[in-house]
C-alpha cells in the first residue's frame, strides 16, 4: 500500500529524469495589504486534479513532459532574509543538478531568491516581468526586502536595460520615473513584447521569466492581494507566455495567487491552467 | 400538470396554451469535482424576480410568449438510472401534448434524458452543443452515466457527424481525438456556427440545443463546478443563441449553474438572462 | 465644514483651497432587491489606502489636485424625504462656497438631492447618465422616490432632451418607450458619446455627471445590487469619463457600490480607481 | 386568500380549516446597520424542506396542525407607513375570519403593524417580547417608525406594565431607564418568565408574542443584523416558547433573520426549527 | 530530494508497524440536501498541520501512536454500489493484515462499507452511533443505499438491540417509532452512555464506533450538510469518546464534515481535533 | 499626539484629560498559519458604531470614561524588530505622560513591545494571560520573535512565577512541561483566577493584562487565525475581566481578531463588546 503523494497534476517524473523542478515558497510575510499568497502554491497543487493534462491550445500533454514537484518549503515567518536564503539554497541545489527551478509563490518577493540563484550561473541574463505593479520602490516603510521592491532589488544586481516589464498599470510617480531611466517598461499590456523576444532570441540571451498573476484582469483573477482593474485577458497571457518561451529560459516563477480571496475557486483554477500552459510551452 | 406558483418570471401561461414547458432537474449526483448544480434551476426561478421581462436586445417581452413552468422534479440521489428515467418520462408527457421541453439542470448528464425523449420523436435530429468540455469520455471511473460522458452517450444514439460542438477548450487528448473522427468540434468559440446553422436550416433538420453555461468565461460566470478560463463573452453567447434559434429547435436545455459557488449572485443573474433571451429568441 | 481624518487617498486639501468637495450619502433604504450600497462610500474611503495617488493613464497625481473629503452624512433610514433633504442641504453649502459637490452613494436615488442643489444654480444644465438601468419608472410599488425612478424625477425638473443616457441594457418596455420620446438614450455602450460631448462643449452647457457603477460589466464589478451582464469594460469607462470631463461639469456622483456583495474586494478597488480617474480628469 | 405553493413545510392546510395563517413581511427599509432581514421569510420557506415535520422535543407533527401559509406580501421600500399599513390590512383580514396571524419578518418594525391589528380586537392584551435589544427609543435619527423604536411604539398604545421583555442585553442608558419606569424588563435571559406566564394564565389575558431571533446567542444565530454576544441557547429558547404557549396567544411574530449574513445556512435552519416548535406548541 | 507527502499530522508510522490505518472515502453522491462532505477527509489531512500532536486533555501525543494514513480512495460518483464495494475491499485488506480500519467520510453512507468489512470478522459486534439524525429510513425516494438509511441497513445485518444511538434529535415520526422497537436510541445527548459502555465492557463485546460530526451543536460545527440546532458541545463529545474507547473497538469512522460550508475554517479545525482525540483515546 | 477622528465609540476624550490611550498595532507578519489579525484594530474601530456605549452588565457608560484613541500605527512588514520598536516607542510616550497604554493587535507578538515599555516602569509587575495557546516556544522555525513565542520572551524578562496563564488548551508537550516549571498555567478555563487576583490585590502588585481573544470558544469567536474548540464563553470572559480589573492594572492589550475570517461579523462585534467591558471595568 502506497502512502499519499500529492503533486501538481502530471508532474510525477522521477527526479533523475526531470528537466524542470517545481517548488513552492509559501511566504507572504512582507505583504502590506491583503495577505494570503502563502496559500497559493499548495492550493494550485491541491486543485490541479480538476485540470486535464492535455492542452488543446498547444496540442501537448503534461504526461509527455519531465517535471518533478518537490513540494513546498517550510519557511520562517518573521525573518525575511532567512526565508529568502532557504529558497535560494533550494534553487541552487536544483541548478547544480542541471535542472531548471520553477518557483511557485507566495508573494512576489520570493522571486528575488530564485533570481539570485539563477544569476550566479547566468550573470548576463535578462528578466522578463509580467505584473500590474512596477515593484520598483527603493524601500517600503523602511524595508528593502519587500514585495513592493522586488524588481528594484533585481535591478540592483542586473543594472540598466536588462529588465523588460509588461502590463504595468500601477505605481507611484517616482517608480514610473525610475523605470523611464533604468528599465524597459511597457505599460498596460504586451505591446512591444514581440520585438523584445526577437532580440533576446537573436542574442541567445538567458532569460529569467517572472509572472505576477495580477497582470491578469481582476475579472478573470480576483484572488490576489492587490487587484488592479484594466489587466490583460487569459488568452493574451497564454499568447505572451508562448512568445517568451521561444527565448532561452533558465529560471521562472509564478506568484501572488491568494486563493482565499476568491471563494469561487476560479482564480486557483486559472493559475493552474497558466502553469500547465507555461510548462507545456517550455517543453520543446 | 400542475403549475409551480413561483415560476420563472413571465412564464405563467396556462398549460393548455403553452408552447414551451420549462422544468427543472435538480440532480448532480455524478458530479465528480465541485457539486452544487442541483440548486441551479430553483435559484434561477427564485432570483428571476430581479429580472425584467423585456429585452432591449431583441425588443421582445416574455409576457408575449407562451411558456409554462412546471417546477422542479423530485429526483432520487444515489440511483442515476432512476433519476434519468423520471426526467425522460416528464419530457415524454410534454412532447405528447405537442409542447417543447426546455430542461433546466442540474448537471449536464440530465441532458441525456431529455435527448432520449426528443430522439424518440425526431430520430433524424442533430445536436448543437455549447460547452467548455468535450463530455466525450467512454466512462468516468467506470460509470458510463456521468456528466463527463453525456455527449458520448448521445453519440451512441445519433452516430457520426450529427453533433456540433462549440466553445470546447478542455478535455483529454483521447476525447479530442474521438471528436476528430466522430463529431463536428469547433474549439474555443463560435467559429463555424453560421455555416452549421445555414445547412441545418436548408435541410429543415430538427435540432436539439444543449447549453452548458460553463461555455461562458468564468469572469462572467464563476458559479459552476469546473470553471475554465478562456470562454466566450455574454454578448457572444446571446448572438450565438439567436443564430441557433433560426433552426428548427425541438428540445433544449440549460445546465451547470451552481449558485452557491458564486456568492455575488452574478452567475445566477446571468443564467436568468440567458434563459430569457433563449425563450425570446424561440418566440417567432 | 469639518474634515474627515480618514479621507479618500490624496484628498486632504484644506477646505478653503478645495475646488471639489467629496461627501458620502450612506443610504439605500429604497433599494428593493439586494441592499448594501449604504456601505459603498465608507468602503471606498477605507480601502483607498491600497491605491496609488498617481495614474499612469493620465500621468497625473491626486496630490496635485484640490479635493476635500467631508466624510459621510448621518442619514435617516425610514424617511426618504428627510434623507434627501439633508443631502441637498450639504450640497447647497458646498456650492455656496464656490466648490463642486461630488457625491458618493449609496443607492442611485441620492443623486436626486445633489441634482436638486445643482439645478437651483444651473437651471439650464444637462445630465450625462451612465447606468445599466433606465431608472425611468414613474413609481415603484407606489413610491415616487425610489432608486428605480431617479432619472424620471430628474426629467420632471429638466424636461425633454436634456438627459443623455449611456450603457443602458435593462428596463421595462414602458421605460424604453418613454426614453424614445423624452430622453437621449444610447443602449448598451458609449456609442454617440463623442457627438453629445462635442455639442455640449460648443454650447458651454453646464453638465451634471452621474455614474451608476453597474454600467460596468459584472465581471469587473460584481459588487452591486442588480448586476446586469453585458456591460462596458473598465477601460471603456475610463475613456468615457475623460471624454465627459471635457465638458463644463458642475456636479457629479458615483453610486451603487455594495461592497459586501463582492467579498474578493475587487469591486471596491475598482470603484476607488474610477473615482481617482474621475478626480484627475476634472483637474485641468 | 391564495395559497403560496412553496409553503413552509407541513403548512399546506386549506384556508377554510386553518387556525393559524403564516405570512411574510419582507421589509427592512429602516434597518440602520446591516440590512438583509427582507430575505428572512422567503429563506425560511425555501429551506424548510430540509426540516422534518416531526419534533422529538414535543412528540408532535406539523402534519397534524392546521396552518395556512399565504406567502410574502409585496411591500413598498421607501415609504414606511404604506408598508406597515399593507401588513396591518393583511392581519386584519386574517383575524376577521377568526384565525391567528403569525407574521414572519423582516425587521422588527413589522411587528408594529401586526400588533395594531391584534390590539383592535384585544385592547386588554399584553406583549411578551424576546429580544437582545430594548427597542425602546423615542426616535432614531428623527424617525419614529424605526426598528429601534418598535416596542416604544407598542408602549404608546398599551401603556405601562403590559410589556414583558426578556433576554435584553443591549440599549442606551435612557432606554433601560425608561424600561424601569414603564415596562417589565428582564435582562439577559428568561429569569422571571415562569411567574409572568403564571399570572397571565390566571387572568386569561390575551398575549401577543414577538420573538426577535437575535435573543439567541450569535454562536447559534449569527445571521442577523446586530448580533449581540451573551444570548440564550436554542434549548433555552425552546423551553421558553413552550412556557409562553400556555398563555392565550392571539398573535405572534418571528423576525430579524438575515440569511445572507450567515453563509453556512445554520441561522436559517435554526429559524425554521424555532418556527416549527412555535407552531407545534400552539397546537393544543 | 523527497517528494511531497501529506498525511494527517503525526500519522506517519510505517505500514508494517501500524495498528490503525486511516483512509478517506471522498463520496457524497447520495446526499440529498447540501453536498460537500466529499471534501471532508482531504480537508482534515490538509489543515491538520495547524494542529499540535499533543493533547493536554489526555496528556498523550500522536507521535507515540502507530497510525498509518493511506490517503483518499478514488471513488466512482454515480454508481453507489461500486463505490461502497471499493471502500469495503480497502477495509478488508486493512483487517486482513491485523490492523484497525478508521474511515474518514464523506457522507454517512460510507459507514456501511466499513461496517460490512468489520462485521464479516466480528458478527457479534455492536454499533455505537453518535448523530443528530436517526438515519433509519427504509428508503429515501426509492434508494435503499442513501445517507438517510445507513443505520437501517446496519440494522438489516445486526438485528435488534445491538445499535446504540446517541444525540439523536431529528427524524420522521416513523423513524423514532422504529427505533423504539428495534434500536437503543438515546435522544438529544449522551444520557445512558455510561451504562451501555459498562455492559459492553463486561461482555467484552466488539464495538464499531461511528461518529456523524453533526451530533455536535452547529455553533461549534456549522460545516455540515444538515446542521441541527440543539447538539452537544465539543467537551461533551470528547468525554463521550473517551468513554467509548474503554470498550473493545474494532472499527470506526468519522464523517459528514463539509468544509466549504464553513468558510471560517472552524469546523475543519474542530474535526481534526476530534480525530486526534479519538486516535489518542484508542492508544492504550 | 493626534486624535483619530474615527475613534472606537465613546473614546473621544481630549488627550490631556485621558487616563487610558488606545492604539492599534496592525501587524501580523509572523503569523505562520492564517493571517488577517492586521485588520483587527481598524475593524473594531470601524464597527464599534454598531455598539452602544452603555453596558447593562456593569451599569456604566463609556461616555463617563476618559479614553483617547490615537488610531493605528503605520508599521513595517518584513522587519519584525523595527515594528516592535515603533510600538514600544508609542507606549513609552503614553506612559511618560502618565496614561495607561491599551494596545489593540494585530497578532499576539505585539504584546511584547507593550510589555517592554510597561516593564521599564514596573519591573516588579506580573502578567495575567488569557489565551488558547501557551505561546511558550523557545523559537518557531528559527525565529525568536514570533507570535508562538511571545510569552516565552516575556518570561525571559520577568522570570519564574510571575506569569499567570488561563484558558490554555493547545501547545506542544515541551511547552506544557516548560510551564510546569516556570509559569503558573491554568488549563482550559478560569479555575484559580480568584485566588491569583486575591494575592495580587493583597500585594498591590502591578499587573499587565494580555487577552488573546482566541481564549473564547470558536463558536462565539471564529474570526481568529488558529481557532481552538473547547474555549470559554463570552459571559465567563466578562466575569474574568471584571475580576482581573480589581488588581492594579498598568498596561493591557487585546489581540488576534482576524475579521475577514468571520464574514458574519460576529467576531468583530464580540471583540468590540469585550473592549467596551474592559474599558468600563478599568473605570473606578
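Every chain is named by a letter (A, B, C, D, E and F) in the order it is written, and numbering of its residues begins at 1.
Here is the rule we go by: a contact is a pair of C-beta atoms (placed from the backbone, for glycine too) under 8 Å apart; a residue touches a chain by one contact, two chains touch by 3 or more.
This one's a predicted model, so the numbers in the text were calculated from it and none came from an experiment.
Student: If we look at subunit A and subunit B, which chains touch each of them?
Tutor: Chains that touch both subunit A and subunit B, as defined above, are C, E.
Student: Taking A-B as the reference interface, which entry in C-D, C-F or D-E shares over half of its contact pairs by residue number?
Tutor: D-E
Student: If more than half of the interface residue numbers appear on both sides, call it same; otherwise different. Which is it for subunit C and subunit D?
Tutor: Answer same: the two copies use largely identical residue numbers here.
Student: Cα centroid separation between subunit A and subunit F, in whole Å?
Tutor: 39
Student: Express in whole angstrom the distance between the two chain centres, defined as the mean CA positions of subunit B and subunit D.
Tutor: Taking the average C-alpha coordinate of subunit B and of subunit D, the gap between them is 43 Å.
Student: Check each residue of subunit F and list the ones that touch at least two other chains.
Tutor: 217, 219-220, 263
Student: Run through the chains and report each pair that touches.
Tutor: Chains touch in the following pairs: A-B, A-C, A-E, A-F, B-C, B-D, B-E, C-D, C-F, D-E, D-F, E-F.
Student: Note which residues of subunit C are touching subunit A in the complex, please.
Tutor: Going through subunit C, the ones touching subunit A are 50, 52-54, 56-57, 61, 217, 219-220, 234-235, 238, 263-266, 269-270, 273.
Student: Inside the complex, what are the residues of subunit E that reach subunit B?
Tutor: These residues of subunit E touch subunit B: 28-32, 35-36, 38, 74-80, 82, 109, 140-143, 145-146.
Student: Considering only the defined contacts, which subunit A positions touch subunit C in the complex?
Tutor: 33-34, 168-173, 176, 187-188, 217-220, 222-223, 226-230, 261-263
Student: Under the stated contact criterion, what part of subunit A meets subunit E in this complex?
Tutor: 1-7, 15, 42, 45-46, 68-72, 93, 263
Student: Quick check: in the complex, which residue numbers of subunit B touch subunit D?
Tutor: For subunit B paired with subunit D, touching residues are 4-6, 42, 46, 263.
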